[in-house]
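As structure tokens, the structure follows; a few thoughts come after it.
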Amino acid sequence: MSAAPPTAASSPAPLLELRGISKTFPGVKALDDVSFAIYPGEVHMLLGENGAGKSSLMKILCGATSADAGEFYFKGDKVAIASTADAQKLGIAVIFQEFSLVPFLDIAQNIYLGREPKGSFPGTIDRRRILADAKRVLDSIGFDIDPSVIVDTLGVAQQQMVEIAKAISQNARILVMDEPTAALSDREAELLFALIGRLKADGVAIVYISHRMAEVFALGDRITVLRDGRRIDDLRPADVTPDQLVRMMVGRNIDMTYPRHFAEAPGELLLQVKGLSSTTGISDINIEVRRGEIVGLCGLVGSGRTEVARAIFGADPVAEGEIVFDGRPISGEPDIAARRGIALIPESRKSEGLALLRSVGDNLVVSALKKLFPSGLYDPRGAQRTADGLIRQLRIATPTARQTVGLLSGGNQQKVVIGKWLAAGAKLFIFDEPTRGIDVGAKSEIFALIDRLVAEGAAALMISSEQIEICHVCDRAYVMRDGRIAGHLSRSELTEENIVRLGMHDE
Amino acid sequence: MSDTAVVSPIRSLQRIPGVAIVLVLLIALFGAVAPGFLSAANLSNVLVQSTILTMLALPMTLIIMTEGLDLSMGAVLTLTSLCVAIVSLATKSMLLGFGAAVLVGAAFGTVNGWLVAIVGIPPFVATLATLGMAQGLSLIVSDGQSVVGIPHSVRDIYSANLLGIPVPVIMGLATYGVFHGLLYHTRFGTYIFALGGNREALRYAGLSPTRLLIAVYAIGGTMAGIAGLLMTARMNSGHPTAGLGLEFDAIAAVAVGGTSFERGNGWLLGTVLGVIAVGVLRNGLNLVSLPSSVQVASVGALVIVAMFLDGLRSRS
Amino acid sequence: MTDITKESVLPPRSLLSQSTAQVFYRLLAALLICAALAVLSDSFLSLGNILNVLRQASLTFFIASGLTLVVLTAGLDLSVGANVALSACLAGTVIHQTGSPTLGIVTGLLAGGTVGFLNGFMVTALRIPSFIATYGMLWVLNGVTYWYMAGETIHGFPAGFRQIGSGYFLGLPIPVYLLLVFLAIGTLFAQRTTWGQEIYAIGANPVAARLSGIPVARRLLLVYTVSGTMAGLASIIFLSRLNSAEADIGESLTLPAIAAVLIGGTSLFGGVGTVFGTFIGALILTLVLNGMNLLSISANWQPLVTGIIVIIAVWLDMKTRRPTQ
Amino acid sequence: DGETIAVFTKNQTNPFFQTVRVGADNMAKVLNAKVLHYIPTKPDSIPEQLSQIEDVVVKKPSAIVFTPVDYKAMVPGVEKINDAKIPVVNITDRSAGGKFVSFVGADDYSLGLETGRFLLKTLGGKGNVVIIEGVKGSLTNVDRVRGFNDALKENPGAKLLASQPGNYQRLQALQVMENLMQSNAQIDGVLAANDAMAVGAIEALDGANRKAQVIGINGTKEAIDAIKSGKLLASGDYNGFAQGCLGTMMVVRSLRGQPVISEIVLKPTVITKENYQPFDIPLEQRTCPTFEDASKLGAK
């Protein structure tokens, strides 16, 4: 942020300019006459609610989707971007919100997919060079891993790093990042920010989509705000406050402090985990959750939070220990946990949370079938009513309940995953990264919702990589390190520093 | 570097498929109880008998890796085998017959690819339909009869030896070598992983999944053409039912060999082991002369047990 | 792994009953074939022939209807034909030895259901992919049947029993009534029960279904058992129609049943399809064979023509489905 | 004594080959030899039978009794047996090549002709007739259907309405018959290339409440029962039992240096309501013909 950001006045020729872009999907006007200019050496933040059209705009920019109307100008010349190949020729690289990695190829092959160095025989690959090149790129982003590791064995965060390496390796002049930190821990995010600084200095233009306000102000040189597919404004971070930005995005005022109605006295004991160990690498976990509480579960990525959540829900086999729920021990498959009143909002909505090809409505009622239709006879109209109610309650942006859920924007998909457990009437909600990829407005709505649920006697166990969220909304929190509980923080001790101190590896 | 240490043993563990264990067990068992099983002549029998299926199962592995399937392979092999017989009978030239078979096979493969990649019909349905077509054409061109009297040059391919090794075994090894190189060392092979694993990634990389898919199915058809030559040589005639049902044997070999039907994870050597395991089982049972119904049932049991062991491995 | 361009081609899975357009176009395809046959052959439109087609379609439909549920869960059952053979042989033996058709029917259904249950067990507990598990089962069943029958046939059943397959009631063949009953049951089960909905959900994404609290293993066991039981039912119809059982009757039944499911628009990837579509699929296949017999077309042409019809039916379906979005 | 005889048959599902196997077993017991059966796991599979030959040649039985799954395609297999110097007798379908000690089979053409003649005689030389064929291209089917057609030619008053394949399968024959009845209001006679299809056709006729004279070929137990009850007009005796017996007998005799008959073509018998009794005995209770009977049964 040392170099003065170029402005439209100081450098009149943008690197790339999009004019009058429109795009309609069946039932959705995703983009409406959006214009957008990118200058070399700047970080251009793209903000907007879930479904505002950010990803759509970026897909058009990189040729993955075609626009219905609009023009592209590269260094002042009109160009066509009809395919990803066109975009690549112009030096545009993208880090997608959805991974574009091939699971059973290694890291190096993924980074250079379609650009493999030629081997000595026609059609073959120069194996030594691809590994060496990949290693160099990985080193440059500070990701220390063997490039011959198969991508499928990597965790989400590691895959995100490979995705970044893939984009960097293209030596792009324009680099688009769609929520790159959504799956990263703070340490990895720091690496990424440092990298962005270096690229900027080299004159690379960066388009950065994020829902995290802190990032917007720390990284951004310029901000474009989208709302309902329209460009609202184009401004500099220095000229606005977070509150103003939020108002531009959602068109109303949002309280970003997530007010909680903390209960005076803790309720009765709902969940008790005693000495839990599972085959997935967690051991001796002791956790208590009372009615009316939101309990945080924090730690670094890979510290085993997800595994604790899955073991409680019965998704992973328990090796040792006991789980007592609502006064009775519980064990077995997730359907038993669900019947007893536990809900798990999983980490990966696409692979674990949703049936992407089914409708929003089908997905919303799937966990509640037993509750809604105790006779076993399914009534489509009843289901429709329930779904419509949830869509309204959660403000899910979808034309109808019949829309295929895979066509919703990322954040709205996340709302559907949360919504399905509301219909089921769970008593304990286990949230694994519930706000990943969710816009500020929706975030506060979700927290308000969780607050109301616990006020009505439910309880929540919440995993989040955004420690600030934990600090805001949790009554207390457990901190994990290397598959064990490293400590417990009461409401008064709950600060970001304490979480980091407990969660860090021994130094 | 700590990540590698965590990751690679898991990978290599998963790579010992149940079929390898089963194969070793079968060889030990028959070696002990079946006289003559371990003789060189008999083992070379097993290998020779396995070549035709290997030639179908290897391309089938690639097709399954793209989350596809080719049910037409057996029927196409039947048709190409008839082509070899009919053309070489008419022209007295083995090479012309072989050329015709490869052309017909490649044509069918391309049509399969076209139906799947461009028309967008699911592979199972598309190739079920071309199965019918190839079967129908076989009946029509042969009028349901065997085609005999073909030149001896065709037959010699199956029975000849090169440096004391049967030619079919050499062809099988060569096929494996080519497929191994193709899948693991070429760009095309890399893209096959991507076709099943993440087709979108290919598109973003500026490559056309359509053309690649067509190529994969065309390879399948072409291999059926080459195998057709061996089949005709083996029977010294063409017959309209010769290859019926071979596609299911091939698919079973691929699955037993540890290739998954999802996400583009394939293993060529496993496929070959799968083919050989079934061959060893059949051969061994013929030598110990149990009732034929036992033989039928044990083919099924082999498939189930191998897959079960595989499941145990990947779970642990 | 998401393929948005592919997704946007597919219609939204509706919350109400399955899209009527889809069923409509399938019916249209069947009607087109009928129209062509009516023009080409005088005898096609006779009531006798239409009942004939329905009766022949019913056998394929019984097998294919249970299979539809399996395919909806993204599975496949390749053992249905072999299951029909074994169930028929067992049921035939029981009728012969006890003289009681009822006991025979119970045996057939039980045998079929047990085989289905074993398939379900392999798929759920042993986690073997269904395609392979049922392929293995196919060989095991064949082996058992060959051993049990030892090349014999069982033939000659009581007249009352024979009525099930070849009898008439109010001018309609009894299998046609059974067909209508099971069409209704299958459709209601799939569309109007929570179990049906859960089956669709499992097919669409088994991991998400499990984490949504659906007892995936139990539902899969149910589905495979139902598929096996329907094969058992088919074996009874078969037995009473043909008045005999032998070891190889199942061989030619499996692929047509799968073809009927697929022509009927059920996706092998799971989560999409209807039982009614399967009925139309069975009908289309039967019409093709019936037409070729009526027109005395050489049997050599049958596989070729069937193959082409399958392609055209599926292609038409895809074309007509696109605009309905 | 104690020779092992490998007996090859086409499949485990067709009752005919069971009669062949029982005949072979029966004869082997009489001659104090041991029989091993080789049957493809996939019915009539050419590659599988070829593999079985290759495997058996390793095992070296004393002799082989051989039914080719396809009479042309199995010639390379027979040559392998010849190369291994294992004596082999050919039964049922006459192989198109290779050296055999002897051939034992029935005359399919005469069976088709005689049964066809019998049906047409019963119909008075006229009427509408359909043929239900077996598997296209199989030796038995080609000759049987040729026999049927020649019988029809001898009776110009009879009309052939259709000749459609039922692939030797009961269900297919039933459905073909149902469909044929739709386009043909009057069918008087049905010539089926085997008994299973004949019985399938009868079921179709029964279902439609129509009557026609039906004949089959093979003389299976089921056919005999149907003849007894009057549903089936007649069946041509293919006599698998005798084929199994005599094939085994010839090969064992050649091993023991006794004289053999190089070709036995069993004379066709049309089994009807008049003469079915000798065929109505369970297989296990039948006794194999002796060497002296063999020449009477049809030595050439």
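Read from first to last, the chains carry the letters A, B, C and D; within each, the first residue is number 1.
As a working rule, contacts are C-beta pairs under 8 Å (C-beta built on N, C-alpha and C of every residue); 3 or more make two chains touch, one makes a residue touch a chain.
Predicted, not measured: the structure shown is a model, and the values here were computed from it.
Peer 1: Count how many hops through touching chains it takes, at the least, to reach chain B starting from chain A.
Peer 2: Minimum number of steps from chain A to chain B: 1.
Peer 1: Using CA atom averages as chain centres, what separation in Å is found between chain B and chain D?
Peer 2: The separation of the two C-alpha centroids amounts to 35 Å.
Peer 1: Distance from the CA centroid of chain A to that of chain D, rounded to the nearest Å?
Peer 2: 72
Peer 1: So the centre of each chain is just the mean of its C-alpha atoms; given that, what is the distance between chain B and chain C in Å?
Peer 2: Computed from C-alpha means, the inter-chain centre distance equals 29 Å.
Peer 1: Listing for chain D: what residues touch at least two other chains?
Peer 2: Touching at least two other chains: 12, 41, 136.
Peer 1: Which residues of chain A are in contact with two or more other chains?
Peer 2: Within chain A, the residues that touch at least two other chains are 98, 103.
Peer 1: For chain C, jot down the residues that touch at least 2 other chains.
Peer 2: 1-2, 4, 139, 142, 146, 299-300
Peer 1: Touching pairs of chains, which are they?
Peer 2: According to the stated criterion, the contacting chain pairs are A-B, A-C, B-C, B-D, C-D.
Peer 1: So in the complex, the part of chain C that touches chain A is made up of which residues?
Peer 2: Checking each residue of chain C against chain A gives 1-2, 4, 7-8, 10-17, 191-198, 200-201, 204-205, 207-217, 271-272, 325.
Peer 1: Which residues of chain B touch chain D once you look at their complex with the stated criterion?
Peer 2: For chain B paired with chain D, touching residues are 35-36, 39, 41-42, 45, 48-49, 52, 139, 142-146, 148, 155, 158, 231, 234-237, 239-246, 282-283, 286-287, 289, 291-293, 295-296, 299.
Peer 1: Contact residues on chain C for chain B in the complex?
Peer 2: Checking each residue of chain C against chain B gives 1-5, 9, 78, 122, 126-129, 131-133, 135-144, 146-147, 255, 258-259, 262-263, 267-269, 299-308, 310-311, 314-315, 318.
Peer 1: Mind listing the chain B positions that touch chain A in their complex?
Peer 2: Contact set of chain B toward chain A: 1, 3-4, 7-8, 10-11, 181, 185-188, 190-191, 193-194, 197-198, 200-207, 263-266.
Peer 1: Under the touch definition given earlier, write down the residues of chain A that touch chain C in their complex.
Peer 2: Residues 25-26, 98, 103, 313, 315, 333-335, 337-339, 344, 346, 350-359, 361-362, 365-367, 369-370, 373, 376-381, 383-384, 387, 401-404, 406-407, 420, 424.
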